[in-house]
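In what comes next, chain A is part of two complexes: it sits with chain B in the first one and with chain C in the second one.
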Partner chain A sequence: MSVQTLIKTEAINRFYYPEEIKEDFLKTPGLHFTDGSYVDSAQIWDFMTVEGPRRFPYAYNKERNNQSRMSRDVRFFSGIKYGYLNLTLRDRLIKAHENGIPIVHVEGGQTVDPYFAAGAIPIVPGPLRAMARDAKEGLDIKDANRRAMKIMEDGRQAISIECCNNPIGSIEAIHQSAVPVDMVAPYLCLRCTDYSYILEAYRTKLKNTMLHFVDFPVTRDGEWTVTYMAELIRDLVKKLGGLRGASVREEDLWKEIKRENRGRRLARETMEAIWNAEEIPVTGSDIFSIITSGRFDRGDSLACLEYLEQAHEEVIQRVKNGVRAAGIPEKPVRILTVGSCFGFWFDFAEEKGAVLVGTDDHLSKIYADVGEEGDPYEEIAKTILAYDYELPTEQRAQYIIDLVKKTRADGVICGYNWGCNYQSAVSRMIADIVKKESGVPTINLQVAELGFLDGNEQTQNRVEAFIEMLS
Partner chain B sequence: MSESGAFAGVDVGSLGSKSVIFENGKIIGSSILRTGLKSEESGLDALNAALGDAGRRREDLKFIVGTGYGRISAPYADKTVTEITCHARGAHFLHPKTRTIIDMGGQDCKAIRLDEEGNVTDFAMNDKCAAGTGRFLEVMANVMKVQIEELGELSLNATEVLPVSSTCTVFAESETISLIARGERPENIIVGIHHAIANRIHGLFSRVGIESDVFFSGGVAKNVGMRKALEDVMEITLAQPEGDPQLAGAIGAAILAQEAWANKKIKAVV
Partner chain C sequence: MSLQTLNKIQEALASRPAELEKARAEGKKVAGWLNYNVPEELIYAAGLIPVHLGNGGDNRLVETGGRYISMMNCVFTRQITGQFAEGTDAYIKNTDAVFIDVTCKQLYRVYELINYYFKLKTEIIGVPYNFQTAAGKQYFRKETAAFAAKLEKISGKKITAESLKYAVDVYTAIRAAIRALYRIQAGQETPITWHEVYDVVQAAYYLDKDVYLRLLQELLAEIETAPVNPKVSPDAPRILVSGSVIPPGDRKVLDLAEESGGRVVIDDLWSGFAPYLDTDVKETSVEGIADAYIERHPHGSLPVLDIEQDKRLKDIKQLIKDYKADGVLFHTLRYCDCFTFKAAETKSVLKELNIPFLEIHTEYAKSDIEAIRTRLEAFVESLKSRRKIASGFIGAGI
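Up next, the complex of A and B:
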């Protein structure tokens, strides 16, 4: 292939926000952040059209394998703002860290209210690994992927070849100081088997980073579990406050709980409007952003809340006007995904005639409000213990059956990552129960590409065949 | 439904590239070639060979459907469809009573269930390990120092089935080497290898279930020893279609090409 052809291919594969939407975009509000700063829509536009493509070219690559592609529905303006939150995460966390805000590595599946309330920023493995990858800028998809894989392989060599990609990637990223993490403090909830590797890493990789595990009474049998969990959360909050030399007041917790409840409520209402609409008003990529923002995973609960407010308004308007989002096929096959840390290729699925309508893991978080009266620690504890995703497998399957009805899903993809022992043990059981009791076809997939940007043809082949079967 | 004109299906698998030309509801040409390093070229070679076999030219084709792992590099195809859907349609064409397909290709194995019209109703796949695939047989033929085509016939002369593990090609290979070193009869080892694959495939069906008639498609379906091992282990009788089971995917693709052309015409009229 000549140099000329390469340049041409590159240009074709690149995604740009068209100038003709700029005027309308600039009329929309910007985003406030918890540190008191504000970015207006003009600043967001400049970043997303000039700085973003220069610093993070991979995110603008249109290759269908690219899991980190921006939503192609450019007229859904909140989606551009989510892209901004995504691509600026690293800058914002570095700035926060320099200003004495503790950055805390947590796992998925936990309510993050106490971390934000204590003035810290919780960060789950996916964004953390992405931040480490983004420490080197200017990479296109192949090189960005290679960098992400190199970080994971370095971690794997020192920790274990049997571990899923998430912990090894994040542990290695912390070890290499590619991300400024002050403390590792996850809950020991049921979903994840790889905490043991985090512990293991303290022998080799994380000697100088604070560790604080929050126990999780998996039996959830009775009042004592609430009191026990509440006590653990109290300790955690104290420790987090201590990191910045401040004590955390109950009113700080209430303020954060109320903010996050509002965000969760907005995320739920937005999703319910999408599920009940005649036409799917936003792309799978935007659906995923709405759901995950309801668990405040982009480093700022206020900015996530404002994104959700704007997304909610846009979705309601689109539903009212019967708008079908750009790229969504006519009468798409509706896919619900099930499982932890399991990615999905939104654009690929849409090209093949399907759309993602939800994921059981993240949806369980937006359906878990924290009570706003009584003892805030106990209320947080009750919520943690009530997560649908953490229920015993048969009950979790019932939760998924309810979601099938709610989302009007045509098919369920149960996925688990290689190395994820717990999910691999339950995934097939769930697929079988859901299929038997809901009558909706299910498929059980093991995937090995967690954290990769591309190179997942085998998984796509199965997903594509599943979509063909349902079409 | 039979549309006038010629339609092609091209199935580029990891070991073999197959193509079928369809006209007036009949197969008028086909080809099976070894897949080379470039799947686009392999697909085109297979297509041209099938056109030659049919006595047709590229311009005669109204629609081409690409399938198999090589379909992601098939610019010659008007549409691509997964091999699961194509095998179902192809098996249904070759043997309409087919309700279950065992498809064994070079790099994966699939359990496919279908309805009376040849539509997929469920499937399961093994593609994470070479155990249970055509590649496994290649490795084992190499260890046994025989041609892959000879394996099936040799296994029919076995006096007992020696156990070989079904979980991993590397383990199975070292077990086989130990069995040879122990002086076991080669035929008994070879039948053990076939049974190991059959065990693996049987496991795939635990989720999707089995209903008669069972059609064995893919290149390995021509191996008589493998057919027998599957019948013994799974306690089934495999269908005996007249056509070539290795062409099932390409046939299905050609049928889908014809249907896609018909739909396109309907849309144009509407």
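Up next, the complex of A and C:
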């Protein structure tokens, strides 16, 4: 391909926010952050139309496998703000880190209330790996993907090719100092095979990063299990506070719990409105943003909450007006995905006539409020132990059946990521139970590399055939 | 000539399934168990018959199990699932209830699968991953007490102070006998090989504990006057085996190590010496048993983030010293992350001590046998050369 053709192709593939939406966008509110700062919609617009495309061109590439791209539904203004939270994450975390706010790497499957309450910023694998990739700016999609892959492959070379891409990509990024992380302190959720052992494998390599983990006891029903877990959370909070030389008060925990409960509530009300609507009012990628914001994964619980408030309002308005989101097919096949760390190809699914209505992993987090009375540590412990996703598999299957009803799903894709052995072990069992008890078709997929740009053809063919079968 | 007692142990094993069938017909119950931290003494003290389940080395069963679990789980969990799916294994057939401790969580998933697909009465015992904390220890005490209560319910009998003391005494004596056997087999000249001892250790999976203890004592007595086994070469490089489980039925890598001229003298496998190394019940009570299990040589599934606190690694270093091992064979099964991910660090720690290390990453299929053989032969050769260089090194046993 000549340089001229390449430039032309890149230009065709590039995504822009059209000028005609600017005026309406500027009328919408901005976002407050926990450090007291505020960005108004004009600042967000400037960033997303000038600075963003210059610094992070990959995010503006329309390639359908590009999971980092902006929502194509440009009139869903909250989506633009989510894009802003996404693309500014690195800047905000570096600033916070310089101001003495501890950055703590955690797993995806956990309530983050104690971390924010302790004055730290918890950061889960997806955004952390994106931050590491963004340490080099100006990359287009291929180069950005290559950079992320390189970090992950360096890690796999050091430890094992059997490592799941998420933890090895994240922990190797910390090892390479591509992200400013002060502590790695996940809960060892039952969902995750690799975090504990990869962390252990790096224990002598990560010299300037404190390492810690909180057990996830599998026997959830015993009174002593709550006591054990609460004790571990207490110790974690003490350690997190220690990073700033501060002690964390119970009222700090209650304040954060209340904020996050409100966010979780908003996220599920928004999702339920989407599922119940005649027309699907937002794209799969905006659905994903709403769900993941309900677990406060963009570095600021206040900004995430405000995003959710705005998204909720917009969704309700669209539902009232019978709006179908841009790019959503008429009468789409509704797909529910099941499995750890599942982020599917929204645009691909929509192109094939389907819409992804959610994933059991991420949805479990927005259905997990923390009790607002009693002992905050025990309340957090009870919530962790009651996570739907972490339940014994037969019970988890019942939760999925419930989600099938709620989301009005036509089909369920059960999948497991390369290296995710606890999930792979029960993926077929879940598919069997859900199919038998809900009557909805299911498939069971091994996904070699979730979220990757290339090499997905085989999985995509199976997904496409499944969608066709349901159409 | 083989030791007489070894033959007796083989005979006892051959008649064991029929014995279990008879015992069950007479109203006794069999508690099968899996993983590493099921306190067996309690099963015994509750009047149940403990049987340690799970075999390896059979690729047909691995494939059967893979239909339920997935091809991305370790072969051991796949084979166990296959064994439960088929239901023809003599011990599984004779199991009334299955107990699985949550040390390796892939085995926890096996618990869920056999519960759902094969409708077996199955129970779990939680194991703390923060096992070195006071809260973790307390949690395990509570889990052990709950386990004891479940056993009493199944057997319909109370665990009394007497039955507990008896059980603890029997198990303590068994552990002492196994430690003695390990010391003997590691001598420069020995009547019994490590391989034979390893088989004896795995006979404990199935045999009645009183019978087993008696046989161990007979074996120790016989060894005292038995001639040296000429097959054990005092010059062969001495190897420590560590890593993923090598259960009954799987001898692939062990056979290859010996065929390549190496001599295994010690292991810290959870299917081998690990449970005998330092389990020490200091107080005869349910809590005392819980503490002994959680404080002993830990299973690789329990992660430790501070290398200074890593007892498993410390024990390996000590075993290398005590057993005068020339090198370490680290056996890892595919998709056994807890051991596989430790390989690189273990290698570099041992390198600092000038101990050669070889990782063999494999499954039960035979397709990689020749490749493994080549690597093992090269490893053994390199150990031999090192010995030659460090002339006069070989000690007279331990």
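Miscellaneous remarks
Convention: the second predicted complex is superposed on the first by the 460 of 471 C-alpha atoms of A that agree within 3 Å, B and C clash if a C-alpha of one lies under 4 Å from a C-alpha of the other, contacts with A are read in each partner's own complex, and residues count from 1 in each chain.
One rule holds for everything that comes next: a contact is a pair of C-beta atoms (placed from the backbone, for glycine too) under 8 Å apart; a residue touches a chain by one contact, two chains touch by 3 or more.
Source: prediction; values computed, not measured.
Contacts of A:A277 after superposition on the shared chain: neither chain B nor chain C is touched. Once the two complexes are overlaid on the shared chain, A:E468 sits against chain B while remaining clear of chain C.
In the superposed model, A:T225 lies in contact with chain C only, and not with chain B. Shared-chain residue A:Y197: touches chain C; no touch with chain B. Chain A has more of its residues touched by C than by the other of chain B and chain C. Touch criterion met: A:Q446 reaches chain B and chain C at once. In the superposed model, A:E162 makes contact with chain C only, not with chain B. In the superposed pair of complexes, A:R428 makes contact with chain B and with chain C alike.
Of the two partner chains placed by superposition, only chain C is touched by A:P392; chain B is not. In the overlay built on the shared chain, the residue A:Q458 is in contact with chain B alone; chain C does not reach it. When the two complexes are laid over each other on chain A, chain A has residues 428, 446 in contact with both chain B and chain C. Taken together, the chain C residues at the contact with chain A in this complex read 67-74, 77, 102, 105-106, 108-110, 112-113, 115-117, 124-126, 128-130, 133, 135-136, 138-139, 142-143, 146, 303-307, 334-335, 337-338, 340-345. Contacts from chain B toward chain A in the complex involve residues 69, 72, 81-85, 119-125, 127-128, 207.
Here chain A touches chain C in the complex through residues 158-160, 162-163, 188, 190, 193-194, 196-201, 203-204, 211-219, 222, 224-225, 227-228, 231-232, 235, 392-394, 416, 418-422, 424-429, 433, 446, going by the rule given at the top.
Within the complex formed with chain B, the residues of chain A that make contact are 428, 432, 441, 443-444, 446, 448, 457-458, 461-462, 464-466, 468-469.
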